[in-house]
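What follows is subunit A paired twice: with subunit B in the first complex and subunit C in the second.
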Partner chain A sequence: MIESLPRLLNATKVTIELTLLSLLFGIFVGVFFALLRTSKNRVFYFISYYYSYIFRGTPLLVQIFIIYFGLGQVEWIRESFLWILLKEPYSCAILAFTLNTGAYSSEIFRSAFETINKGVLEAAKGLGFNKLHIFFKIKLPIAIRQSLPAYGNEMILMLKGTSLASTVTLLDLTGVAKHIISTTFRPVEVFIVAGSIYLIMTFIIHNFIKYLEKKYSYE
Partner chain B sequence: MGLLAYGDTGWGDELFFATLMTIAVAAAAIFIGFFLAAIFASFKLSKSKTLNLIGSFYTTVFRGVPELLVIYLFFFGSSGAVMYVARIFGYDGYIEVNAFLTGALSIGIISGAYSTEVFRGAIQSINKGQFEASQVLGFKKKIYYYKIIIPQMLRLALPNISNVWQITLKDTSLISVTGLVEIMRMSYVAAGSTRDPLFFYSFAAVLYLFLTFLSLKLFNKLENHYSKGY
Partner chain C sequence: MNIFKKTILTIFASLFLTVSVSADSIRIGTEGAYPPWNAKDESGKLIGFEVELANWLCIYMGKECTIVEQDWDGMIPGLIMRKYDAIMAGMSITDERMKTINFSQGYADEVAQLAVMKGSSLEGMDTPSGINLSLGGSDVKSALKTLTGALAGKTVCVQTATIHQNFLESGDVGSVSIRTYKTQDEVNLDLTAGRCDAALAAAVAFTDYAEKSGKDVVLVGPTFSGGAFGNGVGVGIRKDDTDLLKSFNKAIDTARKQGKISELAIKWFGFDASM
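Up next is the complex of A and B:
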């Protein structure tokens, strides 16, 4: 049980890296599609709607398989510069995770934008703020505060989601755990160690979000 | 479209039965989950501190650990556990546990952790006055639960049960790693033998979308039905 710890801890780095990178890119994708969703243009609205519908309605495993195994089949992708990224399982995993978490976060951010009090925006307009100012100084901070609890859940879901990287040959925490299980036939012990590492990470995320919620609460 | 032909020339019939398998595993899993949730929700709501702790432990662990890790635990662990029990009874051979069973059980335990929270929330949101009223009317505790609490609770819990069902349905794709022939596994086999992964995985995505769409419609209907009186 103890012997497996160093290898699992090493693999935890991969898991953390995958989670943080996907979440970072996912925030941008999420905000982008949330804005499209609130736009008055029908086309933008539909693009955003179906993007989130498709990525939330299918399993992450399918998405990662389409990107990793499927896209290599397309001639023009193989010949384009994108191929440098798409032939690597690592970047494929990041892409799949980013698009997946982007879809969920876009819904979270959208509802956060929608719940902003109209009066606040009118007040800002009345005070002569321009559009950019209103967005960055008023809308975004309020939306971030609003979406914190739901986004915390999404962070934990993404952390768990990165375990699927092991299906495309990456050696993340779950991948290494599986490898150790299949060579030693000690499923319970390895599960306890790897599971505890995941639980510690969930615990840290949970408390981090709680801290932020407190820090940015209005009361 | 020839790839999807029914019969020996295409993968249509294989994928159709794989879809049925996905539905069957998901249904088995969610019912196992409900069963566990009924137990653990009552633990969480009980006055005993130990039972509370057991309930919280269950939901924290199975909502905080990746689904895939739980599946590996059951996949590699179940035959070991069964053989261990068999050895006590004097049987020494190798026993392989059915992939459907391990799959439904592992997804069911995860699904149960989510359902526990749903049930607990729904029970807590029922007005306390109902309990007092039923006591005054002289209902037994059993009848109070079956005839008053559970019917109301189910209505309140329906939207969240719908969510849990969607999660469970999507989680079944992970059982493909154990070799159970559901949508993902069948697509994997088809993609390998036709060298057309893009088509088959995209088709799998369409199948999942269809299933999630259909279940959403169904749950909406149920919700409408059960909120008639409100």
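Up next is the complex of A and C:
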């Protein structure tokens, strides 16, 4: 049980990396599609709507399989520049995770944007703020604060979702745990250690979000 | 007695009933994803050399058998946790596995071989056609040296927790970059996608895939046996089930004498892989 710890901790780095990179890219994707969704242009609205519909409506495992094993079978993709990215399991996993968390985040941010009090925006207009100013100085900060609790949830879901990286040959925490089990044949002990590491990480995320919520509370 | 209590009791009673029925039948675990050893047909029914052999062995033992499906990477843990009583899943008899479970005598032997896509730079490697790692000698040494040179910096794909992975990790062919997959199917997919420079598995696994998919998968280098590749494929059994081990060994003797193993091997492999 203890002997497996150093290898599992080492693999935790991969898990953290996958989580942070996907969340980082996912925020941009999420904000982008949230803006499309609140746009008055019907085409933008539908693009955003169906993106979120498809990625929230299918399992992450299926998405990662389609991107990794599926696209790899298509010959013209293998011959295109896309293959540089899609050849590597690491970038395939990041791509799948980003698109998945991006879809959920876009819904979180959209609802946050929609709950902004119209009076605040009118006041800003009255004070002579221009559109960019209003977006960056008023809309975005309020939306971020609004979406913190829901987004914290999404961060935790993404952390646990990265365990699927092991299905495309990546040696993340789950991948290495399975690898150790395949030579020691001790699933219970090793998975308990791996599960505890996940638990510690979700504990950190949970408290980080709680801290932010407090710091940016309205009171 | 109220309905709730009754229901609970009925459920418990039925549980005990199934246990008492299965006490006399043997559950055999297999992967169902390693053709031609064991696989599934379109309808999801388990087929393959070992599925048929298992049924014959059970007939010789005079026991009822059920064949249970289990993912490869949980095969030995599943046996220990009593999800089934025996493993017949193309599992080679190795010293490493013998630390945890027992094996019957071997019933068939396979050779492992590297596979690449046609046109690969690894084609035409100058090695003997087969090497036995247990024998050693200058032939083996020079073949391993050739392989070490050819595979340097290459990505070799294998199914996880296999003798093939163990061999690549043993350092006999230097430090190749190894990629592990849950099933042999996924290894085949990534070999044809070009993510793997080469793949290592039972030679029959590749010939079977090439035949069925029509892809240009070709075998290269020597066939491997002995050493990390173990001593043939046998039935995996829990250490404390010595009686079951004896009956399997006896049944395998009978199957061999009657020519059943050879017959099934020729049917599924195209050659006599029995031992």
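Everything below uses one rule, namely that the second predicted complex is superposed on the first by the 217 of 219 C-alpha atoms of A that agree within 3 Å, B and C clash if a C-alpha of one lies under 4 Å from a C-alpha of the other, contacts with A are read in each partner's own complex, and residues count from 1 in each chain.
Heads up, the rule we're going with is that a contact is a pair of C-beta atoms (placed from the backbone, for glycine too) under 8 Å apart; a residue touches a chain by one contact, two chains touch by 3 or more.
On a predicted model such as this, the values are computed, not experimentally measured, just so you know.
Enquirer: Check the residue A:69 against both partner chains and state whether it touches subunit B (first), subunit C (second), both, or neither.
Expert: In the superposed model, A:69 contacts both subunit B and subunit C.
Enquirer: Please work out whether A:198 is in contact with subunit B alone, subunit C alone, both, or neither, and reply first, second, both or neither.
Expert: first
Enquirer: Which partner does A:87 contact after superposing on A: first (subunit B), second (subunit C), both, neither?
Expert: Second partner only, subunit C.
Enquirer: Once the shared chain is lined up, is A:78 touching subunit B (first), subunit C (second), both, or neither of them?
Expert: Second partner only.
Enquirer: Touching A:187, do we find subunit B (first), subunit C (second), both, or neither?
Expert: A:187 contacts both subunit B and subunit C.
Enquirer: Should A:48 be classified as contacting the first partner (subunit B), the second (subunit C), both, or neither?
Expert: It touches nothing on subunit B or subunit C.
Enquirer: Spot which of subunit B and subunit C makes contact with more residues of subunit A, would you?
Expert: Greater contact footprint in residues on subunit A: B.
Enquirer: Tell me which partner A:163 touches in the superposition: subunit B (first), subunit C (second), both or neither.
Expert: In the superposition, A:163 touches subunit B alone.
Enquirer: Between subunit B (first) and subunit C (second), which does A:177 come into contact with in this model arrangement: first, second, both, or neither?
Expert: Touch partner of A:177: subunit B, not subunit C.
Enquirer: For subunit A, which residues lie in the overlap of the subunit B contacts and the subunit C contacts?
Expert: Of subunit A, residues 69, 73, 167, 178, 181-182, 185, 187 contact subunit B in one complex and subunit C in the other.
Enquirer: Can you name the residues of subunit C that touch subunit A in the complex?
Expert: Spelled out, the residues of subunit C in touch with subunit A are 73-74, 76-77, 80, 96, 100, 157, 160-161, 179-182, 186, 189-190, 192-195.
Enquirer: In the complex, go through subunit A and note every residue touching subunit C.
Expert: Interface residues on the subunit A side: 69, 72-73, 78, 87, 89, 167, 169, 178-179, 181-183, 185-187.
Enquirer: Given the complex with subunit B, which residues does subunit A contribute to the contact?
Expert: On the subunit A side, the touching residues are 54, 57-63, 65-66, 69-71, 73-74, 156, 159-164, 166-167, 174, 177-178, 181-182, 185, 187-188, 191, 194-195, 198-199, 202-203.
Enquirer: Looking at the complex, which residues from subunit B come into contact with subunit A?
Expert: For subunit B paired with subunit A, touching residues are 60-61, 64-70, 72-73, 76-77, 80, 166, 170-171, 173-174, 176-177, 184, 187-188, 191, 196-198, 201-202, 204-205, 208-209, 212-213.
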